[in-house]
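Quick notes on the structure that follows.
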Amino acid sequence: MYFLIAVAAVLVLSAVRVLAGATDLTSSGTVQAALTAAVPLAMAALAGMWAERGGVVNIGLEGMMVLGTFGAGYAGYQWGPWAAVAFGLLLGVVGGLLHAVATVSFGVDHIISGVAINLLAPGAALFLSKLYFADAPGGGQKQSPRIADAPKVTVPGLSDVLGTVEGKHWFFVSDVAGVLRGLVTEVSLLTVLAALLIVWSGWVLWRTPFGLRLRSCGEAPTAAESLGVNVYRYKYLAVIASGGFAGLGGAFLAVSSGQFRDGQTGGRGFIGLAAMIFGNWRPGGLATGATLFGYTDALALRGSAAVHALLLLLGIALVVVAVVQYRSGHHVLSAVAAALGVLFGYWYFASDEVPAELVGAAPYVVTLLVLGLASQRLRPPRMAGEPYRKGQGK
Amino acid sequence: MPTEPAAGGEPAPAVELSGITKRFPGVTANSDVNITVRAGTVHALVGENGAGKSTLMKILYGMQQPDEGQIRIGGVPTAFGSPADAIKAGIGMVHQHFMLADNLTVLENVVLGSEPRAGVRLDFRAARERIREISAAYSLNVDPDRVVDDLGVGERQRVEILKVLYRGARTLILDEPTAVLVPQEVDELFGNLRELKAEGLTIVFISHKLDEVLSVADDITVMRRGTTVASVSPREVTSRQLAELMVGSALPVPELRDSTVTDRPVLTVTGLTVTGADGRTVLDGLSFTIHAGEVLGIAGVEGNGQAELVEALMGIRTPTAGTVRLGGENITRASTRHRREAGIGYVPEDRHRQGVLLEATLWENRVLGHQTRRPSSRGALLDLKGAKADTERIVRDYDVRTPGIGVHASALSGGNQQKLIVGREMSADPVLLIASHPTRGVDVGAQAAIWEHIRRARAEHLAVLLISADLDELIGMSDTLAVILRGRLVADYDPSTVTPEQLGSAMTGAGRED
Amino acid sequence: GSDSGTGSGGSTQASTPASELKIGLAYDIGGRGDQSFNDSAARGLDKAKSEFGVDIKELEAAAGETDAQKEDRLRQLAEGGYTTVIAVGYAYATALAKVAPDYAEVKFALIDSTDAKGANIENLVFAEQEGSFLVGVAAALKSTTGKLGFVGGVNTPLIQKFEVGFTAGAKAAKPDATVEVKYLTQPPDFTGFNDPAKGETAANGMFDAGVDVVYAAAGGSGNGVFKAAKAKGKLGIGVDSDQYNLPALAEVKDVIMTSMIKKVDTAVYDFIVSVKDGKFTAGEKVYDLKAGGVDYSTSGGKVDDIKAQIDDYKAKISSGEIKVSSTK
Amino acid sequence: MGRFSPRSLLLGLAAPLGALAFAVLVCAVILGVTGHSPLDTVDAMVSAAQRPRTFVNSLNSATTYYLAAVAVAIGFKMKLFNIGVDGQYRLAAMLSAALAGATFMEGLPSFLRVALTVVAAMLVGAGWAGVAALLKVTRGVSEVISTIMLNAIATYLVSYLLNPARLAEDRPGSNNVGTRPIDGGGQVAGLEIPGSSSQLFGLVFLAALVGFGYWFVLARTRFGFELKATGLSESAAVASGVSVKKMVLVSMLLSGAVAGLVGMPQLLGSSYSYSLDFPPGIGFIGIAVALLGRNHPVGMALAALLWGFLDNSSNSLDVAGVPREIVGIMQGVIVLSVVVAYELVRRYRVRAEQRDVGTALGRTKTAEEASA
């Protein structure tokens, strides 16, 4: 099923690429960039998922990511990228712990605690960076010295073969080759680690007793309590893990950027939160959300031609949605989709490019459209965000 | 451990609670409670609402810690820090409210906390097999892979029992397991209990239905105001005596006396059909009429369309077909607000979900649902003075026990919340009252008061749609009785002649079907 | 504005003993240590301090602050007896316009803006387009594909000047050269100056499209551009200071073929000296190519082979033979 | 809600004051450990507080923060999380600045011009929030995601429009870009405060009015009641005849309209043009202030003042050589410790209330009598 969807997606992309002559739509470079952009987002989303599965809403992801970037900067320039990752994780855990103490032990509203952490973390990171980096060689008050990049791997042979095929610009075949090549060329080990962590999280949460207990705390903590599960402990673990993943996201960002910089996260924690909701609180879904965002972001940053082609792609996709929705009886939705589709199509044919100022909006618009038109069968953990006190449940 | 013999010849009691005291802020839930449960028996615990039964059982199950007193299991003094300890000691509990995670599967709900493992993995196969095994052994008939959300109440109840058996409990605590079951399901459950007892398990059983208690229990302990007042044998008491022990006074009975039914139709429903979110027909062409001064009682197993009927009548759910007329007016498409303004009062089934705002004051709760009418508001503005004065009146007339109208509704007990709701809904002189389980979870004194209010309003030509799980209440309070089964009205009865058994079999479809 | 100052400033045109010179400097967002624009100003200040031993006070701007907060910053300096005050960045224009008239004895310098003028304000502005023109020439000459790239940090008129000059230079050297332009963020999102990851993605896109030289006018995001260039064996051009020599960029310096130097340090230093010597003049002072306010760097030796051609253009611009427009 | 008694008053004060003291302590420890003098910090803040200019600037900041907080709070009262106030006010400020600065406006009477500007801003804010509301009501899209996306889209839209080819004015040679400045007739005069070079925003009264309106609507009107009820329990609200979809739509529009006002004091009282240095990010401050002030009209005002003061004292800290980042840390610690304190007090209060109820019920005295 997923395979079929993927094939269909590449087919459409391929058709649009040929029609619009925008090779970047399926180039290996775009895929690489999309992956790199998606990794911190996916980690943030994963972090959000861990917390909410344990029943705690974590809007402080952004702050925890900032802590992660700082930790990575601090350790990274002294002891290399893996130390950076470890320290980023550690500082993220500290952020998570703070959130856990506030929400689990003190029963503070989850949103408030998250907002406070988002205020606290950048201030603390900057305060510390002045303290530690200002005099470090190559550092500054607001940036760390350089961090060496994590190793990158390429599947030898395969990458070149795919590269040749990609270069031919054949319909579909080259597109598939491009996508595959992007996945096997110069892949940072951090990306591999991130992918493993996503799969691992799914396994832990849905296949182990530990995961079942953790999820039960997000669904029905009183029931879990009545079966002898120590809800506080699992909530703590969930939020700490969440902090750890957010910290990792920050660390990945810092390492792949080569240093810590003040303001580097640029709202990625919030986008990660959106990717988590988009992904229906599931690892596969949030990875898809992060990738979609990373992909459109990469397209928008890499060049404007692809974004122009994106208009056509959106137009076609919307018309398809319109047809599907019409057949399942949602006439109003179908009409809206069709109208939007025609609008985007018209925009594409009536213009040569998207105004430079608007190109960057692509990922946001696409996410919004996908959410607005896709069916909303989202199911958050039932008790996420609800206060829980031991012995007080009904 | 539970079968370890004591010094005497007789085996040690499975459970001994002595001198248990538990205080909550402002409430002493248990004070010096003493109970002895013999091994291999069914021991019933009865008492009014709030007598402290659930609290006592939670203490036995390790969910609450007693302030004073001692627990002995099989003669051995024990202290439980958490349910995990109690589970280890062979105690299992089915709670008064379902303790299930709706979004998890039956399997996940059952094994939670005691998962079979294969390495660090959860061994789903072993779990599935064991659940099937137990399910078959006690004919519980549950499918481990269904999501709990899709199950009916009876099934959920069986899942709860399965949870306990799965943990190998030798002592089962069942807190009001029959409250949501129909007679046939209750019989099934009792069959299961007898089977368990035969295998040497001990069962502590709480119920407000005294005839049930008499039929199944070996021993009975009565609690009143947080303490044990009597231990009796079912062979030596009648249910009336038992009830009087509980209350400390004579019991009220639901009854209407003379008919006040007029021939003026107030609510006329024709061909009402409602489709659920999943496309299933949940109400199938319902037609009935309620006249002024008439109480129409609807009996049925929970989940057969009562909730949908009520919501369709209140305008919360849109019907796919049919018409609803209130007096002369067609209100099929009218908004909830319009219906309320047209004179429909509503006592919802779940007061915490639909009846009150827990985090708002009593007078604000008085305004709720009446915010467009006097004395709560004038035009677009609220009338605080009017609302408060009228709340004082309700508190007085309906005997709502509260220190003032400025406290949050959450501080009141369930029964007092219910009295406030009934008072509020009656205050606007409704022409039609839709009452779902108006006395559920309410103690006898308050029950009698609520019945009296309904009777009085009926005498003044109020039409009432009464839905209840309490068959005595239905029979006693209705002028006409109908049974709902799978979204259809399948039978009409005359309340003066029908027995609860007849109703019960019609409700499950076992009886005659016209 | 009730503070009348300490009076130590003396008459306007008398020279001030260096030991009595109190200099206040208000940075733009980023502050000292941004390895870029603000650091350049700091260097000028440091030079003055080490040479004359003046008393200095540095204050910093916060992201998202109002003009009132900037105004307060300048006033605190003026009230604290700092009679020589440097406002770094055009964002101070509005605030300075309000502050300057209240402190006639204080000499203000405003960098990058002529939006606030006054008898005690010197506007230090740069001809970024001219310096960028030169690196544009260098890029076009070095490029084998004729495709060049420009990565701007944030899409503001200031950064657009860099773009315009760069494009003009490239076209002048190679009329058929094309320039791919990308701004990383749009204001008020100024993270484009701080997001190397974005810089890298944008540069990679350009390199994949055949571009072989990218001009990074993107503050800290430039690091990402150079990183991409290094990975792909392409070239990058630095901005503001001679980025080849920045310790933070040591690892990627071999791809930095040149940098467009904007001598904010010189401007700051000159201003301090002028006050010290009693030669302060109000009004606009343009640091263009001719005045040595902007330039290109040769560290690393990558442009040694084309230096003559670049210098040729340099001479023409200085003489006025070539006029570089600052707008499209 | 709740009663007024010496105890509740005392408890109400205990929480914020205790928390504030705790926050100060934490910051002092941080400063001390990192080798800065906490005393200098306090000294710098105290002397900042005594400066009339800081006072006025704090009040001005508080004005905008307060408006943002009210916008956020309207959503919070309904359990809606409008993260989009930021995008809403920026878009609204930009478009209304373009309108107010337009030449055809110059002929109009001053009052009308200001009114038109303000109304335009409210409409734009409401419109942008309306997108999120529509998506939520018709498609069930979480307003959290949609407003995050709309914030970003607003940024790009504003950049696109803020171009001399579109709504910005041509300013040759300037490194700034902005809309055509609003001339005297379209401005709102500030209030002269003795000893301060800054003027108090004339629109501080607008903020006060909005705060009053917020209180009045919530506490005294049917609509406000329904809004609160929906926030407390959606299901109970539905059963009481409230249309939740309508409430979502209306409250989101209201929130957006108030968000539209956020930029007005700054625009009409100080900037007179929307340009690159128009302050961003106030929407996010609004979230913190609303949370700190617990969505209460007076609480939020106090929180906004505190926030405004902290922001405006950071220059003084900088002058005193204390790292200004301590302000950010302090704000975070304050929010966190205030809510922890409130939670502790709330727990205490609930227990006390239940004790009262218990006493009223009379049935609960058994053990207490025994122990008494």
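Chains here go by letter, A, B, C and D, matching the order in which they are written, and residues are numbered from 1 within each.
Keep this in mind: contacts are C-beta pairs under 8 Å (C-beta built on N, C-alpha and C of every residue); 3 or more make two chains touch, one makes a residue touch a chain.
Per UniProt, the chains are A = Nucleoside ABC transporter, permease protein 2; B = ABC transporter ATP-binding protein; D = Nucleoside ABC transporter, permease protein 1.
Everything numeric here is computed off the predicted structure, so don't read it as measured data.
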{"item": "A-B compared against C-D, more contacting pairs", "value": "C-D"}
{"item": "Cα-centroid distance, subunit A relative to subunit B, in whole angstrom", "value": "45"}
{"item": "Centre-of-Cα separation between subunit C and subunit A, whole angstrom", "value": "35"}
{"item": "Centre-to-centre distance between subunit D and subunit A (centres being mean Cα positions), rounded to whole Å", "value": "29"}
{"item": "Subunit A, residues touching no fewer than two other chains", "value": "267, 357, 360"}
{"item": "Subunit B, residues touching no fewer than two other chains", "value": "none"}
{"item": "For subunit C, residues contacting two or more additional chains", "value": "63, 155, 185-186, 189"}
{"item": "Every chain pair meeting the contact rule", "value": "A-B, A-C, A-D, B-D, C-D"}
{"item": "Of all residues in subunit D, those that touch subunit A in their complex", "value": "30, 34, 81, 83, 135, 139-142, 144-146, 148-150, 152-153, 155-157, 159-160, 163, 287-288, 291, 323, 325-333, 335-336, 339-340, 343-344, 347"}
{"item": "Subunit A residues within the subunit D interface of the complex", "value": "98, 102, 106-109, 111-113, 115-124, 126-127, 130-131, 267, 270-271, 273-274, 277-278, 333, 355, 357-358, 360-361, 364-365, 367-368, 371-373, 376, 378"}
{"item": "List of subunit C residues in touch with subunit D within their complex", "value": "1-2, 57, 59-60, 62-69, 71-73, 75-76, 80, 90-91, 93-94, 98-99, 102, 112-115, 155-158, 161, 185-189, 326-327"}
{"item": "Touching residues on subunit D, where the partner in the complex is subunit B", "value": "1-3, 219-226, 228-229, 232-233, 235-236, 238-243, 350-368, 370"}
{"item": "In the complex with subunit A, residue positions of subunit C that touch it", "value": "30-35, 39, 63, 155, 180-186, 189-191, 194-198, 200-202, 204-206, 208-209, 220, 223-224, 227, 231, 246-251"}
